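The two complexes that follow have subunit A in common; it is paired with subunit B in the first and with subunit C in the second.
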Partner chain A sequence: MTSTSAAPSPAFTFSASTFQKLHPAEYFRKFISQGVRPDGRLLTGFRPTTVHYGVISTANGSAMVRVGGTTVVCGVKAEVAEPRLDSPDQGYLVPNVDLSPICSSAFRPGPPSEQAQVTSDAIDRVLKESKVLDLKDLCIEEGKAVWSLWIDVVCVSYDGNIYDAALASVMAALANVRIRKPTYDEGIVKVSGAQELDDDNSFKLNLNRTPLSASFVLFDTSLELLADPNFAEESICEGQISVTVDEEGQICALSKVGGGSSSPSILKECVDRAKERSKDLRALMQQQ
Partner chain B sequence: MARLDRTRTANQLRPFFSSQNLLNRADGSAQFDFGGSSVLCSVVGPAEVKIRDEKLDRATIEVIARPLVGLPGIKDKSRERSIRETLEPLILSGLHPRTGIQIVVQTMKDDGCILSTAFNATVLALLDAGIPLNSILGSVTCIVDEKSGEILLDPTTEELSQAKSTHVFVFDNKSSISTTGAAAMDLDSESSPILFSDSTGLYTEEEYFKCANICHKAAQTVHGFIRTAVQKKLEKEYQQTHA
Partner chain C sequence: MSRVELLSPEGLRIDGRRPAELRKITSTTAVLSQADGSAYLEHGNTKVLAAVYGPREARHRALVLHDRAIINVEFNVAPFSTGERRRRTKNDKRLLEMASFVKQTFEPVVVTTLYARSQIDIYLQIIQHDGGTLQACINAATMALIDAGIAMTDYVCACTAGWVEREAAIDLNHIEESSDTSEVTVAMLPKSGKITLMQMESRLHVDKLEEVLSLAGEGCKQMHVVMDKTIRDRAEDLAAKMAV
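Let's turn to the complex of A and B:
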């Protein structure tokens, strides 16, 4: 005669944090079904974002961007270089994203990880194909000397959505760039170094547009859209959609990779939300 | 308006060509051509996998993209990631846990649309290797022309250099089976779920969805071609074994 067996009490119980470790996807699904995420955000919510300019004094332009737990620092260094033969009046833009083990245990030391290379490539394509900068502005003397802009993005703390943060930091750093006016004289480029930078002895970059992006992940078969995924959400969800738009609402890049075939209505929603997000972000960048 | 190669209309693809089972030592291989572009793809697997990469519940899929000349760079890494992440949900990898499937994509000739060509070659190679898939995909690229604003399908390198924006799409054949006859004629944008999309340049939302629609229609042709290619190959194999 056991009366206890009739009572539907579970064999053993464990805390929510243990449940999260054992069944991360199930833990997550329970939150999503209630319309919230484990960190308290709504499905459409972006994490708090901050932008700081001029954080590296030795660079020509720099910015630090924080998106929740993701922190990236971008420095732009201008260097005099020889132009390519097929484009003698165009300078260079060389973006590079560094995801070292310092920012997350997900990255190993050694050659750049696939994610770092893919992010660098994505930023490179946005900068060049949507003509953010006229490369002819970087010409010092046609066929002899041009400016080469090394755009280095270092991730200090990684918590997902590196592309949005990196692109925002690149655009902020480019807006922050000041380069001393060079003088070209018989094969020698001279850049005076001593005095303070002002409008007479230096120039700013003329940016045609400021593309900013918003990324989303597709959760599960229910295809819920989660904005601005953090690291845990990125590793659980398979499909990822990134939309990059400029201030006029033109799309500069759109990518959809991974699981879940998304119908055009989902993509339309992403574009609309990206437009809103980039407006907010742009306002934030101009405040400073 | 005539296109640069003067032989096609805006909505025309270049002639396809494919051949399967070209490589002796691979489990499956295929070559796919879009006019002057050609990609050779080999598939090895399901085979042993490094312990570090082993997944307990499914096969590990590894994609290696090789450029036409020189060493692989970041463009090739991006291509690898695009192909891998699109194929991962497509391959029924749960049937082969703790194994590895290695896919090598080698560019043979480059005249634009390499990513699309690579996608199509990969699917043919996977079919040749007998890897179980839950659907077939077909990929098509289009551009919006800088001067005329026209949408041109399957651009050549020359056309790509004059593009305002470039769009690569992948569609599966699940949506195309049901749309036969009259329904296939007016594919509205709602009926074309996009498996993979990669667009760069400057364009409006409207242009993007117009491109998606045109590419979806063109992808049906690619699906049809893949189906015929597999059918012919199986017929040939059947004749050889029952001769």
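Let's turn to the complex of A and C:
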């Protein structure tokens, strides 16, 4: 008599997509144990990224960035404003990230979500703390008038890792900005009319550095590092690490949030990989 | 009378179009991976993105209708889309009004009885504004609804027309809109020729109304041709992919 030593066949089986819905974490773990991710990337892989400049003609500078399924549009508008009393020669930078319900079914209509505010604030701090722009460049007349740059990021399609995409779009849009030269005359700021923009009647922003970021999530107790998480990966994984570096490889911002404790060696690895990634991204942005 | 000359002596408009000429239309569907249906539409420099989510479970139990779906429209204007930056809050009356126009346009056209107890969300995002937002929103929403596979009795095609200085003109841009021109937005069901929405907010002599309306109707028919082509191309593309 031939005995079947194989395990008894299960009473029922699932299709892969059903299994994914019932046990998302387990489904995911099976992939990770093989060293790949469900979308076919390696653990270290970033999604295909594209950058387009000048997509909005009503804005002073604009850019659209796609990172896989995440698409953001950033528009910069310059407006004349009165400077603060304690910094009479400095302009304003006001970044804002909008995660409206159009971009994913995960977002509800209503006031800006916590995630949108956190992202806006993170970008705000990177721009100001690492002095991307000398705010004195935005001065029109000391104590009277300065430029206020409204940097609005609209997320059009959300598939994870909004911070990387938003920061890249902000930096690209800032590099794309052209503002007409103003003249100040006794309390009135005049900006010349409708002729074509050229080097004589407009100026570009002088960016001191271009910080770009790379984000990673920590999966499970094995603490596997997954680069550039998409929405599904973000919702399964616990801890998230974002490293922002400039072109000289200096760290401009670093954040580690959520559960899943990490070690200095993991952080070191993130920083190294972020340097690589930001170099690639920077090359991509300069191609055009 | 405005100081800007909107119509040249040769009868050309400020952007070089003839009075009965539409702006360049670019349209695509299925642009967003997250939404059930989506469309991107350009009328010249006006750019609109529409996303449809649903039919899905209604957010508020109290709103559920036992015999049909509810349609919810949210309208959002990107802060950088207009000439002057203005932060539009969610409760801006003008935005709510626009959303309600779009909602009322689609309620009789979408076969809501097929989707009892559910909700269909239409989200509209203006990315760049150069006049004719309402028409662009309605056209984009139509394509997004079709892309989402939601049953409708017909296309809804919208077009604006107005009286520019001494002639009726179609598809007004921002400069024409903002310089004291009367403007009518018409949304039409091209198959039956029925009008589902007509919207005018300024003075227009009653004798001129018919001419303006017939021009808007012509525009709606042209819009239908363009939208239908986009939808058919997309369907053929999908069919070809499925056959492989």
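Operating definition for what follows: the second predicted complex is superposed on the first by the 281 of 288 C-alpha atoms of A that agree within 3 Å, B and C clash if a C-alpha of one lies under 4 Å from a C-alpha of the other, contacts with A are read in each partner's own complex, and residues count from 1 in each chain.
By our rule, a residue touches a chain if its C-beta (ideal position, glycine included) is under 8 Å from a C-beta of that chain, and two chains touch if they have at least 3 such contacts.
Predicted model, so just to flag it, every value in this text is computed and none were measured.
Trainee: Overlay done on subunit A, so just call it for subunit B and subunit C: clash or fit.
Mentor: fit
Trainee: Pick one for A:118: touches subunit B only (first), subunit C only (second), both, or neither.
Mentor: In the superposition, A:118 contacts subunit B only.
Trainee: Which angle, to the nearest 10 degrees, do you get at the Cα centre of subunit A between the Cα centres of subunit B and subunit C?
Mentor: One gets 130 degrees for this angle.
Trainee: Tell me the contact category for A:156 with respect to subunit B and subunit C: first, second, both or neither.
Mentor: Second partner only, subunit C.
Trainee: According to the stated criteria, A:16 is in contact with first (subunit B), second (subunit C), both, or neither; which is it?
Mentor: neither
Trainee: Quick one: classify A:129 as touching subunit B (first), subunit C (second), both or neither.
Mentor: In the superposition, A:129 contacts subunit B only.
Trainee: With both complexes superposed on chain A, which partner does A:105 reach: first (subunit B), second (subunit C), both or neither?
Mentor: In the superposition, A:105 touches subunit C alone.
Trainee: On the A-aligned overlay, A:79 touches which partner chain: subunit B = first, subunit C = second, or both, or neither?
Mentor: Touch status of A:79: second partner only.
Trainee: If we overlay the two complexes on their shared chain A, which of subunit B and subunit C does A:253 touch? Say first, second, both or neither.
Mentor: first
Trainee: Touch test for A:36: subunit B only (first), subunit C only (second), both, or neither?
Mentor: neither
Trainee: In the superposed model, how near does subunit B get to subunit C, counting Cα atoms only, in Å?
Mentor: So the smallest C-alpha gap separating subunit B from subunit C comes to 11 Å.
Trainee: Give me the intersection of subunit A's contacts with subunit B and its contacts with subunit C, in residue numbers.
Mentor: The overlap between the subunit B and subunit C interfaces on subunit A is empty, containing no residue.
Trainee: Would you mind writing out the residues of subunit C in touch with subunit A in their complex?
Mentor: 31-35, 45, 49, 51, 53, 56, 59, 74, 76, 78-85, 90, 121, 123-125, 127-130
Trainee: Across the complex, what residues on subunit A touch subunit B?
Mentor: Against subunit B, the touching part of subunit A is residues 114, 117-118, 120-122, 124-126, 129-131, 238, 246, 249-265, 267-268, 271.
Trainee: Please give the residue numbers of subunit A that touch subunit C in the complex, ascending.
Mentor: Its residues touching subunit C are 56-59, 62, 69, 71, 73, 75-77, 79, 96, 98, 100-105, 108-111, 150, 152, 154, 156-159.
Trainee: If we count contacts the way the header does, which residues on subunit B are in touch with subunit A in the complex?
Mentor: 74-75, 77-78, 80-82, 85-86, 88-89, 165-166, 171-172, 189-190, 192-205, 208-209, 212
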